[in-house]
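Here chain A shows up in two complexes: once beside chain B, once beside chain C.
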Partner chain A sequence: MMRENDIIVIGGGLAGLTAAAVAAKRGKKVMVLSLGAGTLTIGGGIVDVIGYLEGNKPVATPSAGLLQLPAEHPYKKIGRPAIEDAIKFFKEICEEEGYPYMGNLDTMQWVPTAAGTIKPTCLIPKTMNTEELQKANKVIVLGFESLKDFYPQLITKNFKKISRFKDKEYETVMIDPNLAEGRDVTALDVARWLDTEEGISECITKMRKVIQPGSVVIIPPVLGTRPNYRIADRLEQALQCHFIETASVPPSITGLRLRTMMVSYLKKIGVRIVEQATVAKSIVEADKCVAVVTEGIDRERTYYAKSFILANGGFYGGGLLAEPGKVIEPIFNLPVEAPEDHEMWANYSLFSNEAQPFAKLGLEVDEKMRPLDADGKVILNNVFVAGRNLRGYDYSFEKSGNGVAIASGYQAAMSV
Partner chain B sequence: MKKHHNNPDSCTACTVCIANCPVTAATRKFRGPKMVGPTLERMRLSHEDVEPSLEYCSNCKNCDMSCPSGVPISTLNMLARAKYYKTRKHSLRDWILSHGEKMAKLSAATPGMANFGMKMSRGILKQIGISEKAPLPPYAPKSFSKLFKALKQKSYPDKVVFYPGCFINYNDPQVGMDFVAVMQANKFEVIVEDGLVCCGSPLVVNGFLDEAEENAKTNIQILKKWTDKGYPVITCCTSCGLMLKQEYQELFHIEGVQEYAKHLYDAGEFLLDLHDQGRLNTDFGTLNEKYMYHSPCHLRAQGMGLPGLDLLALIPGLDVQDVDGGCCGISGNYGFKAEKYDIAMSIGSTLFDKIKESRLDTVVSECGTCRLQIGHGANVKTLHPMTLVRRAYEAKQK
Partner chain C sequence: MQKATVVVIGGGATGVGILRDLCMRGVDAILIEQQDLAYGTSSRYHGLLHSGGRYAVKDAEAGKECIEENTILRKIGRHCVEQTEGFFARTHLDDEDFEGKWVEACAKVGIPTIPISVEEARRLEPNLSAKIKSVYRVPDAAIDGFRMVWQNVASARKYGGRVMTYTTVVGIEHSNNQVVGMKVRNTLTGEISNIACDFIVSAAGSWAGEIAALAGITVNVQPDRGTLIAFNHRIASRIINRLRPASDGDIFVPHGSITILGTTSASVNKPDDTIPNAKEVVELLNIGEALFEDLRSYRMLRAFAGTRPLYSADPNAKGRGASRGFVTLDHAHDGLKGFVSVVGGKFTTYRLMAEKVTDLVCNYLNVKTPCRTALEDLVDDASPALMAKARLYFPAYGAELAASRLGSEGLEKVIDRMQAKPEKRQLLCECENVTMAEVEEAAADSTSFMISDVRRKTRMGMGTCQGAFCTFRSVGAVDANGLSWGKDTNVLFKEFLQGRWKGIRPILWGNVMREMELTRGIYEGTLNINGAIDDEGK
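Then we have the complex of A and B:
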């Protein structure tokens, strides 16, 4: 049968896309079944590995953080060597696609946010690197007229409270992209404006009037929608300035770039991506999955493969469903241990220092990422789990979302 | 089976659809899928609200494809547009663009004159708001139904019903003939029913929802006779396919559509299924040729991957690469409209650039209007996958 795949990946988020890339690079025939465009486009487009431990304790470097995690954490199962290989693999893709990421496990990267705070992370696009910012005496914060969600004054005010940035001189400037017509202006609109030849030349002309050559300039993430540094390079050359993008709010331009890059890479290496494919159920014989079935508005379709990687996200992505008193994994019906008492799911104190219990709910796996039952026995031999549906971590609290997605996607595809 | 749900409240305002809407990227006049779709729909439920920028949605369905919450955004837009036109008059231009089938029949009444007339009346078309630069398709000298009737098919016990659609019937009948030849090579007899009408897609996008529903009823009544008996119904046009099985369910409430939709296939999908069953004739000759492939949005929206591309991969020697350049911009008749022409060309520019970069002179794609727009924008020749499959069979016989 021609359409039997070696591997079917369920879910087109960062975990699924990474798993598909790794598997295809290993010479496997891979198909991705995916519903929607994933959370990548709303996420930050940066790869957090680990920033905080339980009790809100910051870690010095991702490496140091990895050493201190509890045994139940997915990273502990994956192990340091595989995490390193996964990061290397990811960075190679970025390099190959002409959108290199920087960073490593031994350095904590601090990226500025639009609120004027800084956020710890691990891998970042070059445009979010703050080294130049730390060296600079004078910093310009550049905003765009009518752009919501980016207020230069707010950034300046808050930066002055951050020890590493406080002894600098700040200036805020605005330029007008003339985009007021039609609808509210978002960073996406400005980025699309800069994508065009007229947009970028007009922007350069306007910037020349308000920024001096040699400045370090903080701007919202507007340096083009495509996964490359052409817009950044062009501006830096024309103005002889250094530009630093802040982390963005949805729709995230840096996230959009990351997704576009991953999808384009996968297509180049021969991975088939089926869009609008909602996997509804699986066909299991003994301890093996034979096929998965998608539901369409017309009819069901059956997809056969030798192995399957389940990377359909957590509660937000659609991989886990919460029902009164229980949590369900809808495709394989894998067990999810959850306190029966709903009250125990959430930590109701606002701004608390503890992770959210419900965020740590998910699937238990062995070191190969195969799902386990309550007694620690492998349930399905040819099914591997990756990403947000894994148990034992609260990504948003500890800042580890895309790191776990990449590392577990890598590990799952290497275990097949 | 998934039931459609037109519930705007599933929207979590995540903005993914905005990032993926090609019209939003091309013009600021459009407020974007989230605002025009689910957000306004909530208000429309309570009071009459006119959103002028609704006019800009092209029904390309990229928003639906990207939404993580399964909101049928484009359908909400089309329903709102229909509501808008309940109390307002359509322009002559929109009437003409929506009624291609009627226009074709009128032209057929004056054989030989139609295309000449088309050239003559470009000026008039411009007057009524059809772009003079738009790649309007010429009529074929003989329609598919005429050619088909003159064809002597071999009879086989296995039969499929073919739904040609207006574009293949009046503008590009060769695609239909290629399809018939391919089915014959696989020992299938093709049935074409006389009373079938336009699927209604051009009517829906211009707000003629009631007329589209009439067409839907006519087509379903005819096709259901066959699908009830288990015969597959096959289309070679992706917009017809999407309309016949998905949009009929989302837009109208017609008895039994869910059952009937199970038997509707895209030609490529049907042939690949035959292959899975070990029943596809794979006696292909070698085609040492190289092409780019463009996936129509309306195919991607169907959740079956890119069967045409997989099918062509079975032909020895043939090298077909996915351009992966996104929407071509034409969206049925959107790009023909004077005020939308530039938007459509701007949407398609990524695709055109990628095609030009490839330096190949022919692009393969299932959708007839995508082919027109690509030919126009990238200055290349175009083909339907069925044409290549037919050629591969013929190459063997030589």
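Then we have the complex of A and C:
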């Protein structure tokens, strides 16, 4: 017999983990059914709120952007006060866990990326703060031999084309982490190397040979796998330099830290996380969901709760399934409006000034994040939707992924 | 000004075959190609080295040519060919009477067809539909179009052949009804220049009509568009043909770990009309289910389309009604000496077409050297010593693969790069087993100007993830070597990913949709290669 939960959250990404945290803080008994690490370890280290509007127009600040969104956007349903509360709540978690994030809705943060571009975002770990970078006359970009996902010259070359960074002097240097010769090395390997005492000592010795005290140093996101600033502080003290991590390709170490922090927090406040749980179907009576059923290699399990939060990640997470001309929400069979003519789903250009129509497909909800039918009526009274399953936004185009996740996860949990 | 005795137009199989043949006979020749080598039809088909069975009933001559060339290419191009053999399988939907006609027609032109029981066929190919009625074995094979073109060029270069890519003809120059040269434009820089020559061979395929028009000559080439699907599985280990008169969606061809299903057929106005659509994909899946009932459960990689250059002396013949045979048009008969077009034909017979054209050209030039393209291998085998060395540097499975891809000479250069810098041994593209060193070598070639050009030479970005990870690395790596060809790196990112997107867009459902969310998340969400970077936000 399963213990009765107040709330079951389906999905272990940032939306689901945030919803679980909010609900648990409100005194609810919460369980998270998680399939894996979610998208957090792919690109989730920073919290984008809104960077661009249709037409690829950059917004001055997230606040300004929020005002200009169309009515169909999830933020419009959530509303400004809840978005602010959600961000405050998230930052409090970070403080409590010893991994504080910087930023607010009234400031646009432009963080450097591994491609030598900059991207607009809202909340960042302090290792991505660019204040020192903007002040510096000379910037060092530091790479690691054998790390095939980081190319220092890509950054120096392209930074010279960006107005706020172009008048600086750039130098690229390399460190050899001596990780098994010929083996493929990822940022995670380097971060794990720095996690060890021998690793960080060796790294400091090698860095001393190539960087001067007082330098501003751009590096890949390798400053430890744990959600704290111990590695960054140690390097900064030893070398008297300022280190800035870039937004980078997977595996995302900053995303890994964020997930580790959220999971640690949830455990402290009594949330139970069930990993490798594939939710296959729901048991619905009238306008309420009674339970969801997971399928595993051994057997089916039924999980009962008073309410459910559906945050299993849209097309990427498996929360939505696409077929030619049709979208299916597999657990509750909730309706998704999609063009029957599949040609209408996507633009001919992958990257252009337009959002992708398919990226905006998803579940229609009311202000409380409850799913609606075509007539605007609530379908299930105790089911709430958060994150990438929501319709009306293209996170990668507008740069809003984790912002919508946090805000909608918060709103869903507050509505229960 | 460049000079050559002969200029060959078109960097597809036929063009490179002619270049190789000319150079082997000692003729000074340049090949010009408007895009990259194998950019056009030679890479936009199913990669079937025909036994001729497909054509035997309707076009005995084409069938005969196929079986002869098939035998030759297996030998000289063995690094491009996978000797899979093929099945012709009649499904419950197909006409029984055709079967007898087909067996008879194959016998007549020398194509061996061996009947086997349906049980035996399904034992060999377990995914085949249980509803199959009869099956025959034929000597079909799979051939890598990119590699075949590239290895022809490698061979031609050994004999002094020159290649200019991203070069398009804008004028054909003549004097007293005799070709004296041509005006070309570099499509990347816009620069116009002249090439002096005595002879022009147009092997421009679907574009042959446009080239001839530059000299005021009419050549009736009807571009016929075919769409194909690449599946991320080896659905069968053999080529599976549907035993019925040639029609849509009849052929499955395995290539390494993938399978290609094709094709549709539709007349189009433009030779570069190669954007596939979702409707064609769904149609192909519907047809393909007759041979593989669970076809829809296989993950697709992409769809792609190419145009066949169907030639007809009668401009009204279209589609499958037009001959797949080829014709050499000596435009001396149209009043211009030194200009020849070769039209029609198919990939399988490219070498034969090249031989016929080169014979004609050599006759004009009074060159008596006979054709040797059927006798000499395209690339040399790597020696046992070189292979032993390669195994020290390549990942286990990668050594054989790379040797086959690169030939002896290329392999040696790549090993040199790996010796100099051990980190170059890393796989840049995990899906297709392509090392950093190979990408750098391909990028350094004089015909490479974009990451897509490197892709066609190495297969990087053509596997399961369709560039999600290797796009970043390849841009980073070529840029680190100072090889970004004067382009902004964001242009390189976009060009490559847009090329992948073209084939993904028409199959955007299931796992493909999932993969695309990841790719966009990386390049658009995280790296912002798309976003306008107005950092003042005004």
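Assume the second predicted complex is superposed on the first by the 410 of 416 C-alpha atoms of A that agree within 3 Å, B and C clash if a C-alpha of one lies under 4 Å from a C-alpha of the other, contacts with A are read in each partner's own complex, and residues count from 1 in each chain.
Everything that follows uses one rule, which is that a contact is a pair of C-beta atoms (placed from the backbone, for glycine too) under 8 Å apart; a residue touches a chain by one contact, two chains touch by 3 or more.
Since this is a predicted model, take the numbers as computed values, not measurements.
Under the clash rule set out above, the superposition-derived model of chain A with chain B and chain C shows the two partners fitting side by side.
Once chain A of one complex is fitted onto chain A of the other, the partner contacts of A:Ile83 are absent, as it touches neither chain B nor chain C. In the superposition on chain A, contact is made by A:Gln276 with chain B only, not with chain C. Angle at chain A between chain B and chain C, computed from CA centres in the superposed arrangement: 90 degrees, to the nearest 10. In the superposed pair of complexes, A:Pro250 makes contact with chain B and with chain C alike.
In the overlay built on the shared chain, the residue A:Thr39 is in contact with chain B and with chain C. When both complexes are overlaid on chain A, the residue A:Leu194 reaches neither chain B nor chain C.
By the touch criterion stated above, A:Tyr151 is placed in contact with chain C alone, chain B being left untouched. After overlaying the two complexes on the shared chain, residue contacts for A:Ala19 are found with neither chain B nor chain C.
Once chain A of one complex is fitted onto chain A of the other, the partner contacts of A:Arg299 are limited to chain B, with no touch recorded for chain C. Touched residues of chain A, counted separately for chain B and chain C, are more numerous for C.
Smallest inter-chain Cα distance, chain B versus chain C, after superposition on the shared chain: 6 Å. Overlap of the chain B and chain C contact sets on chain A: residues 39, 42, 181-183, 250, 316, 318.
Considering their complex, residues 275, 277-279, 281-282, 422-423, 425-428, 436, 469, 472-473, 475-477, 479-480, 488-490, 493-494, 497-498, 501, 505-506, 508-510, 513-514, 517-518, 520-538 of chain C touch chain A. Put simply, chain B touches chain A in their complex at residues 1-4, 14-16, 18-20, 25, 27-32, 35, 53, 64-70, 245-246, 249-250, 261-262, 264, 272, 275-276, 278, 300-306, 310, 314, 322, 324.
Listed in rising order, the residues of chain A touching chain B in the complex are 1-3, 31, 35-39, 41-42, 179, 181-183, 186, 188-189, 192, 225, 250-251, 256, 263-264, 267, 272-278, 280, 294-301, 316-318. Residues of chain A that touch chain C in their complex: 39, 42-43, 48, 51-52, 56-61, 64, 108, 110, 113-120, 145-146, 148-151, 153-154, 157-158, 161-164, 181-185, 247-250, 252, 314-316, 318, 321-325, 342-343, 345-346, 348-352, 356, 358-359, 395-397, 399, 401.
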